[in-house]
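Each chain carries a letter (A, B, C and D) given by its place in the written order, and its residues are counted from 1.
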Amino acid sequence: MCRWLAYSGSPILLESILYKPQHSLIDQSLHARLGPHTTNGDGFGVGWYGEGDEPALYKCVDPVWNDRNLKELSRQIRSRLMFAHIRASTGTPVQQTNCHPFRHGKWLWMHNGQIAGFAGVKRELVMAVDPALYGSIEGSSDTEVFFYLALTFGLAENPPAAVQRAVGFIERTCRAQGIEHPMRMSVAASDGESLWAFRYSSEGVPPSLFYSTDVQALREQHPEIEVFRTLSDESRMVVSEPLGELAGVWNEVPPSSWGRIREGQDQVGPFIPAAH
Amino acid sequence: MCRWLAYSGSPILLESILYKPQHSLIDQSLHARLGPHTTNGDGFGVGWYGEGDEPALYKCVDPVWNDRNLKELSRQIRSRLMFAHIRASTGTPVQQTNCHPFRHGKWLWMHNGQIAGFAGVKRELVMAVDPALYGSIEGSSDTEVFFYLALTFGLAENPPAAVQRAVGFIERTCRAQGIEHPMRMSVAASDGESLWAFRYSSEGVPPSLFYSTDVQALREQHPEIEVFRTLSDESRMVVSEPLGELAGVWNEVPPSSWGRIREGQDQVGPFIPAAH
Amino acid sequence: MCRWLAYSGSPILLESILYKPQHSLIDQSLHARLGPHTTNGDGFGVGWYGEGDEPALYKCVDPVWNDRNLKELSRQIRSRLMFAHIRASTGTPVQQTNCHPFRHGKWLWMHNGQIAGFAGVKRELVMAVDPALYGSIEGSSDTEVFFYLALTFGLAENPPAAVQRAVGFIERTCRAQGIEHPMRMSVAASDGESLWAFRYSSEGVPPSLFYSTDVQALREQHPEIEVFRTLSDESRMVVSEPLGELAGVWNEVPPSSWGRIREGQDQVGPFIPAAH
Amino acid sequence: MCRWLAYSGSPILLESILYKPQHSLIDQSLHARLGPHTTNGDGFGVGWYGEGDEPALYKCVDPVWNDRNLKELSRQIRSRLMFAHIRASTGTPVQQTNCHPFRHGKWLWMHNGQIAGFAGVKRELVMAVDPALYGSIEGSSDTEVFFYLALTFGLAENPPAAVQRAVGFIERTCRAQGIEHPMRMSVAASDGESLWAFRYSSEGVPPSLFYSTDVQALREQHPEIEVFRTLSDESRMVVSEPLGELAGVWNEVPPSSWGRIREGQDQVGPFIPAAH
C-alpha cells in the first residue's frame, strides 16, 4: 500500500534521506513493516524543488531496489524540499503516469492508502473535477483523481479546507453507492513553500504516519548521516514509517489531523471531511 | 502516425506476416514510406485469436525493432486472425495502456490517424461513453475513446453503423469547438469472426490503406514466404502500406469506405458519418 | 535466490502450472517460503518447446507479478516441456541477458543458487569455455558461465558427466582462490527430449528441490486444475518449492543427486563433482 | 551508428545543449543527417561531473525522444563537463550495460563507430584487458572493451598514447583474423579535468566529428539559447554533427587526429595507431 517520505529544511543530498538511513525507503521497498505489503515494487518516484519554479520529477515503473539511475541521481540532487514514494498498486496499472508524486504547476502530491470501490465511483469523481483541470489528468489512479479534486476545491488557496472538501465529496459519493468506509489516506502536498501532511481514515486506524521533531535527536539517532550535523533546526521529515529505531525521534501524526511545515511557525489542526 | 496490418485466413505463424515480408511492419517501424513518420517507435502490439474465446494481446512500450520476445513469439503464435500495430504517438504518453490493439470482450480494435484537438474535446467524448463501459477505459489515447464510443453506439450489433455514429458524434463535438476537420482514420476491428476495416477522413486524403485480393498473386509476389502456398483462397490481409512492391497485389481501399472480410461473401460499403 | 519450475508431459497450457496452483511461481515471486528471499522480483523467464526444433524464450526484467503479457501468453502457450524461472539477483545486473532460462541450440538451462566469489574467478572460468562457444555468452551472470562450461564439457553427449565436470572445475578454481564452499545449485536442463535436474551444494543443504511422482495424487491435490485430469501418467514437474501443501505429492530430490525424466524409464544417480 | 556531444566550460544546464539547439541530439535521435542511421533509438546516456569526484551517469534503453525523466533532469543538472550519447546498436543487445557513456573511476568514455568483426575477436581483445580491470566490464559491447583496453594501456597517464596503443592492438588482432579495415571511431573521454576527443578510421572517412571554436560565434548562431551569453571563452563543445546550420561555427576535427580541451592551452596532435 505504498510508503513515502518528505523532507523540508536545509538543502541536502537526496541520498542522505533515501539511501543512507538504516530502514530507508529502499529497504522498505522489500521489507516494509507497518503496512499490509512488505514489498512495494510497483514503481517509484521522487520530486524536488531545485532550478526554476516548478518541481522536478523522476518516476519509474521498475522496483526501486534495482534502479541504478536513482542511486546516481540521489548523489547529485541537492534540495531543500523533496518527496519520495514507492508504490504497491491497489489495482490500477503499473505505468509512469500512475506513479507518485503527481505534479500540477508548482504543486506536488503523494498518497498512501486508497479509495475503496474506486472503479465504481471513478466516473462521478472525475466528472466533478474542474473541466479546466480535466485535461491534466494523465493516468488512471485514485490518487491522481483525489489530487485533482483537491485542486478543484481550492488547494492553491487553502489546502486543509480543500482536502477536507475533497474527502467529504469522495465519502458522500462512495456512500451513495453503498461503500461505507471509502477513505484511507496519508497524504503529502507542497507548493514549494510549505510541506502539508494529512492523516485520516473513514474508519479505523489510518495508514501510519510519523514526523521528526528534534533535529538534535536526529543527529544522535543517525550518526551515520554526517550531513545531519549541518541541518538547520527547521529541518523536518514526514514519513510513512520510521527510518530507524523508535527512540523518541519519530512522533506519530495523530489520526484525523493535518500539519503544515514551513519556515517559522508550523501549524496543526483537526482533519474533518467537509459535510458539503 | 502508426502502421498496422491485419490477417484473416488459414492459421499461419505470426512470423510469416510480421517479419518475413520485404517491407514488413518491422521494416516500417524504421522506414515507413506512406505516412508522416518514417519512425514508428513508440510501442507496438499484437492481438490474435487462439485458445479460448477472447483474443490474446502482447503489447510493449519499446520500439518493435529491438524486441527479442516478439521475434520468439512470432515463431510460436499460429492463428487464423491476427492484428499487429506499431505506434507513433500523437501526443499521449507512451505506455502499455496506450498501445494498440485495444480489446473489449472478444473485440479487437486498432487505428492509424487521430482526432484533431483531442485534448480539448476529450472530456465530452468520454462522458458520452456508456457509463457501464467507462470503467474499461485504461489509457489516455484518442483511439481508445473512439473504440469505446463505437462500442457505446452498438459495435457488437452493427459495426459500420456504430463506427459511423461514433465518427459523426466526434465530428459534431469537435466542430462545436471550432475544430473543422477532426477525423483521420484507418481502423481495423474484429470479433473473431469477421475482420472489419474502415478508411475515412473529415477532409483530404485519409491515412493509406490496402487490402490483398488475390492469394495466387500473393504467392507469386512473395516466393520467400513458403507458407503462402498453403493458404486458403479466403486468406486476406489489410495493411497501412504494402508489404512488398506494388505488383497488382495490393489494392487501395477507397477513401470513405468500409469492408468486411469473412468466410463466404465479403462486403463493402460507403463510410458516411451519421448526422445524429 | 530464485525459484523455478519445469514440466514434462502431455501438452498443457502454461497457465495451468504457472498461475493456477495455490502457491504458484507468481505467488512465490512475492511470498517464497523456502529460500533466503521472500521476494524474487529481478526479472523472470519462460522457455518451452513448441513449433520448430529450438525452444522459444520469453524473458523480462520486470517483476513477474505485474506482467500482463505473461498472463496473456500463458493462456496461449500449450507445450509438453516448459521451464519457468523468477530471479533474485546475486549481484549481477538485472537485464534480459541475465534472465533464465538460457538457451543454446535446442538446450535450455536454469539455475537456483550461486558460485560464491564469482567476481574473482569469472575470468578464469570464462577462459575455460570452449572458444567456439565463447561468442554465445551474452550476459554477465554466473549461471550462464556455468551453462557454457557444462556445454564445453559435453552436455550434449552426457549431461550428468558434463555437469559434474563443470562443477568439479568450478570448485577447484574457487578453492585455489581461497573460496572454500563455492557451489550451491539446483539446476534444470533439457534438450527437448529429456528433462534433467541436479541438486548439489559444496557444503551444507543445497537449494530446495522437489519432484512430483504421482499423477493420481496431483489430481487429488489440485482439483482446481481441471487439465490434470487429462495428463498422461508420464507427466512430471520439478520445482524449487511445492506448488501446494505437502500432502505426499511432492518428494524431495535428495542432495547430491541428479535425475532424468523422459518417456519410458526415468533415471537417477549420485551427483559427484569430477576430480579433474 | 550513434551520435554524441560533449561540453566543457562554464557550468550550464544540460537542457541548454541537449534540448534547446535547432538540431539537438534529441532531434538527431530521429533525424540524424551525417551517419548511416537516421534513427538512433537503441538507448541513450548522459554523464556529468557534479557533486563528488566521480562523474554521475543516467542511462536508459528507451529511445531518448520519449524519455520524460531526461527532460526533467536536464532542467536540473548544471555542470561544467557533460557527455551525452544516443545509440544505434551495431549488433550487441540493447541493455543499460551497453549504453554509453562508460565510467571507470573518474573516467568517462563514449564512442561512435565500431570494431568490424568484433564477435570473432572479442575473446582475444577481452583477454588482453588487465585482469585487475576485467571484473569491471559489465556489458557486451565493442565500445566497452575498447575503453578497457585503453585503460589497460595507460589511459590515466597518457590518453593519446593509450588510445593509439589500444587501436594498434585492435587492428593487429583483427588483421590477423582477416579483417582488413577494423576500426571506425570518434571517441570522447574525460577524467573531469580535460576533455579528450579522437577521430580515426582504419580506412576511408571516419565518423563525422566537429568542435566549436568561437564562443562569440556560438552566441550569434544560437540566439535562442540565452545562457550562451554567460559562457566563458573557454567553453567548448565537441559533437558528432552540428547542432545548427554550418555558419563558420562548427569546425571539422581532422581525420586521424586527437584533441585536448582544458583550461588554458588546448592541444592537438596526429592519431597514429601504435605499431606494437
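Definition applied: a contact is a pair of C-beta atoms (placed from the backbone, for glycine too) under 8 Å apart; a residue touches a chain by one contact, two chains touch by 3 or more.
If you're wondering where the values come from, they're calculated on a predicted model, not measured in any experiment.
The minimum number of touch steps linking subunit C to subunit D comes to 1. For chain pairs A-B and A-D, the one joined by more C-beta pairs in contact is A-D.
The mean-CA centres of subunit A and subunit D are about 40 angstrom from one another, to the nearest whole unit.
The set of subunit C residues touching two or more other chains comprises 68, 93, 96. Chain contacts here are complete: no pair of chains fails to touch.
Subunit D meets subunit C in the complex at residues 93, 95-97, 119-120, 122-123, 127, 131, 134-135, 138-140.
In the complex of the two chains, the subunit A residues touching subunit C come out as 30, 38-39, 41-42, 61-63, 65-66, 68, 89, 93-94.
In the complex of the two chains, the subunit B residues touching subunit C come out as 13, 48, 50-52, 56-60, 68-69, 72-73, 75-78, 96.
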